[in-house]
Amino acid sequence: MQLLETLCRVAAPSGNEAPLTKFLLDYIQRYQSSWRTLPTLLQGEEFQDCIILVFGKPRTAVFAHIDSIGFTVRYGRQLVRIGGPDVETGYQLVGQDTEGPILCRLVVDENTGALSHDFHREIERGTELTFQCDFRETETTVQSCYLDNRLGVWNALRLCETLEDGIIVFSCWEEHGGGSVAYLAKYIYETYGVRQALISDITWVTEGVQPGLGVAISMRDSLIPRRSYVERIRRIAQEAGIPHQLEVESSGGSDAKELQHGAQPWDWCFVGAPEDNVHSPNEIVDKRDIASMLVLYQVLLKRL
Amino acid sequence: MQLLETLCRVAAPSGNEAPLTKFLLDYIQRYQSSWRTLPTLLQGEEFQDCIILVFGKPRTAVFAHIDSIGFTVRYGRQLVRIGGPDVETGYQLVGQDTEGPILCRLVVDENTGALSHDFHREIERGTELTFQCDFRETETTVQSCYLDNRLGVWNALRLCETLEDGIIVFSCWEEHGGGSVAYLAKYIYETYGVRQALISDITWVTEGVQPGLGVAISMRDSLIPRRSYVERIRRIAQEAGIPHQLEVESSGGSDAKELQHGAQPWDWCFVGAPEDNVHSPNEIVDKRDIASMLVLYQVLLKRL
Amino acid sequence: MQLLETLCRVAAPSGNEAPLTKFLLDYIQRYQSSWRTLPTLLQGEEFQDCIILVFGKPRTAVFAHIDSIGFTVRYGRQLVRIGGPDVETGYQLVGQDTEGPILCRLVVDENTGALSHDFHREIERGTELTFQCDFRETETTVQSCYLDNRLGVWNALRLCETLEDGIIVFSCWEEHGGGSVAYLAKYIYETYGVRQALISDITWVTEGVQPGLGVAISMRDSLIPRRSYVERIRRIAQEAGIPHQLEVESSGGSDAKELQHGAQPWDWCFVGAPEDNVHSPNEIVDKRDIASMLVLYQVLLKRL
């Protein structure tokens, strides 16, 4: 879990993903020679801060978003949200402006809900603040800010180790309205003819999806994927005997939104471990669900 | 109206349109030899569950969505919406899971508005339920669930009989956020250079659009089409002496949303009969409006 | 400011931009010979009512939307909104239907908020009404309806006079959900390889952005642009010593929405003067902010 902890500690809110992109490029450079298959690396200005890895003859693409929620400093001490962070007075925030590093606390006005910080000096307008990482590991759980979606990124990187045929995509802006998957999906479909997608992301513990019972296969959230594709995934998971849970929600979204609405006929399915304390500094995931997530991805990339 | 009744009886909620796709492919196979022009049929995985029919040298494309509203079984007896169905305790719902066919009633919690079913056993998670079809015909009206949009599909199929130049599109997911028109529109524009669209769908009876007074030509709903294109359509309808009504709304949408927001310069206009009891099991349409809808489409496909 | 006044007086609400398109085509035809560089003009049905001007070897595209907010006549005396106009009983509205020119007042129902007009006769269904233009100029300010975005259009036209390398885009539907930038952006990226954008539009006076202190460079609104691109723009503005203000908002949008969500990797930044009395007949802008806006665009198009 050292890799996961490192991923959680890199600040990369939507729009400023470059630090995590840099980390991933270094990581890929260093470790790809130990992977079963050497991928083709696609990156650079035409992909902004995204990365695509192409292994063998791909039939399926895995999307893991690298951005996180956070806050932007507005005027005076005011903060505005990046994505939909949980807010509670006292949450520790970190950042950096031209005057130096920042460590402060989030303040939520009890009456208006307005957000501010309590740093001893004014912070430069437009500076991003993210949750301070307090990474906690037990025998059965990991807990930290940003498991959503550093765990999805971790799953994708671990998948790279044994992958023979497939595409791994590290995308941007997912937490704040999207903005990269449309062009990534177009490029992949037009270049490789791939139109099957899996969303390597983290979902919610609910009354129907409990920690420890396996990775969630989502039958729908605010959007509804094509039934026949989800059925194929369920069947593969069942036949392989991998612990999993079926999720049915009416809200929530993921990188799949851009696949669904883009100008290519993508089939997609969200497959990810559930977490509790969503979008807070205390996101927590059961290790058994992480394990079944990785195993299911390994099997799906072979059989889909 | 036998064809219309058959169309209304096929369960095909957004995301699981395959049963209606199969019906339409069979229908086209059987009847196309009697049509004035033999179309080119485009279908298969690259179009998911959509179908495109290309007649002659097309200048205009007609979009008819084949999906319907409905419900997904969540956890326990809970239901979540597919699209925006009208809800009332007692509405009859039908479906199918691995244990067999389902017939039950919708239950709406009076206090919370929460939706559930009253079937005698638990229904498999993720199962889709749709309204049970009670098709009623009088001398002047048809009434059923899913006239929206099986009537638009019916109109498109009848239009095929005499069509010489044009494209007919059967699209998916319209009731639940869209997801197919973006790639269909891209394919059609890039392959045939066609950028004129008509939306063969059903609208609402309002204070300004009354049953029996003719098909509605919509000047706007939540979106505003290009004025010059709508004016051309109005002029053709007037010159042909076809009964019609002008609709002006601030809400509502259709497959046109994806045309408007897609990366091709589509001109579009919603042209469809009005219905009352929208999105309920008791949608009702005046037969005169069905007749003027079909006639207007026949004229428009010739003159646009 | 005569050009600006003329632009403000042309009625061109979203969906019916053709009158302003015609004015711009005439203006370009008449004045382009006096510009430093003769542009290539792209227009016609494949661009609907939009216009693209390509100068030299472009690296950056400037988007200025030509549509405005307004009202559509519904049934009886009812009005529905085009975009998000400010509404107040007594605002003067103008329009035209087949019976002749229209001058009337907006009426806002105090209890329901419903909108209507007080014209002496019924107005034809679907007719568009816009604010009557009362253009007021002082030594330090200009005031009128539709400075948003006729001032952005004016800025783009003035920029044409000295531009050597760059693209100027006049877009449609920005005030009402968008609908042209997706295809314009695709065409520009695929034809010229350009993926840097500036949004020539008008923003709001707020507690952090004051009239007279210079053009606003927006670090975010409802969407968040790529940090590294905004930083480049800030640096160029600083080095050039051009008065400017940094804006940080959580709401609001622009043509950039379609760039962000489109299938090309556009970097974008909103750069525009702030106005007060937003979306009313009395929009007001400080002339110093207009001046710094134009100068900043001139510098940015050279250095980006």
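Details
Order of writing sets the chain letters: A, B and C. Residues in each chain are counted from 1.
Convention: a residue touches a chain if its C-beta (ideal position, glycine included) is under 8 Å from a C-beta of that chain, and two chains touch if they have at least 3 such contacts.
Bear in mind that the values here come from a model prediction, so they are computed numbers and not experimental data.
Here chain B and chain C face each other with different sets of residues for the most part; under half of the interface numbers are shared between them.
Per the C-alpha superposition, chain A sits rotated 120 degrees relative to chain C, a value rounded to a multiple of 5. Averaged Cα coordinates give chain B a centre that lies 36 Å from the centre of chain C.
In chain A, the residues that reach two or more other chains under the touch definition are 262-263. The touching residues of chain C, when paired with chain B in their complex, are 14-16, 18, 45-49, 72-75, 80-82, 125-126, 128, 173, 176-180, 182-183, 185-186, 258, 262-263.
Listed in rising order, the residues of chain B touching chain C in the complex are 195, 206-208, 219-220, 222-228, 230, 246, 248-250, 260-265, 267.
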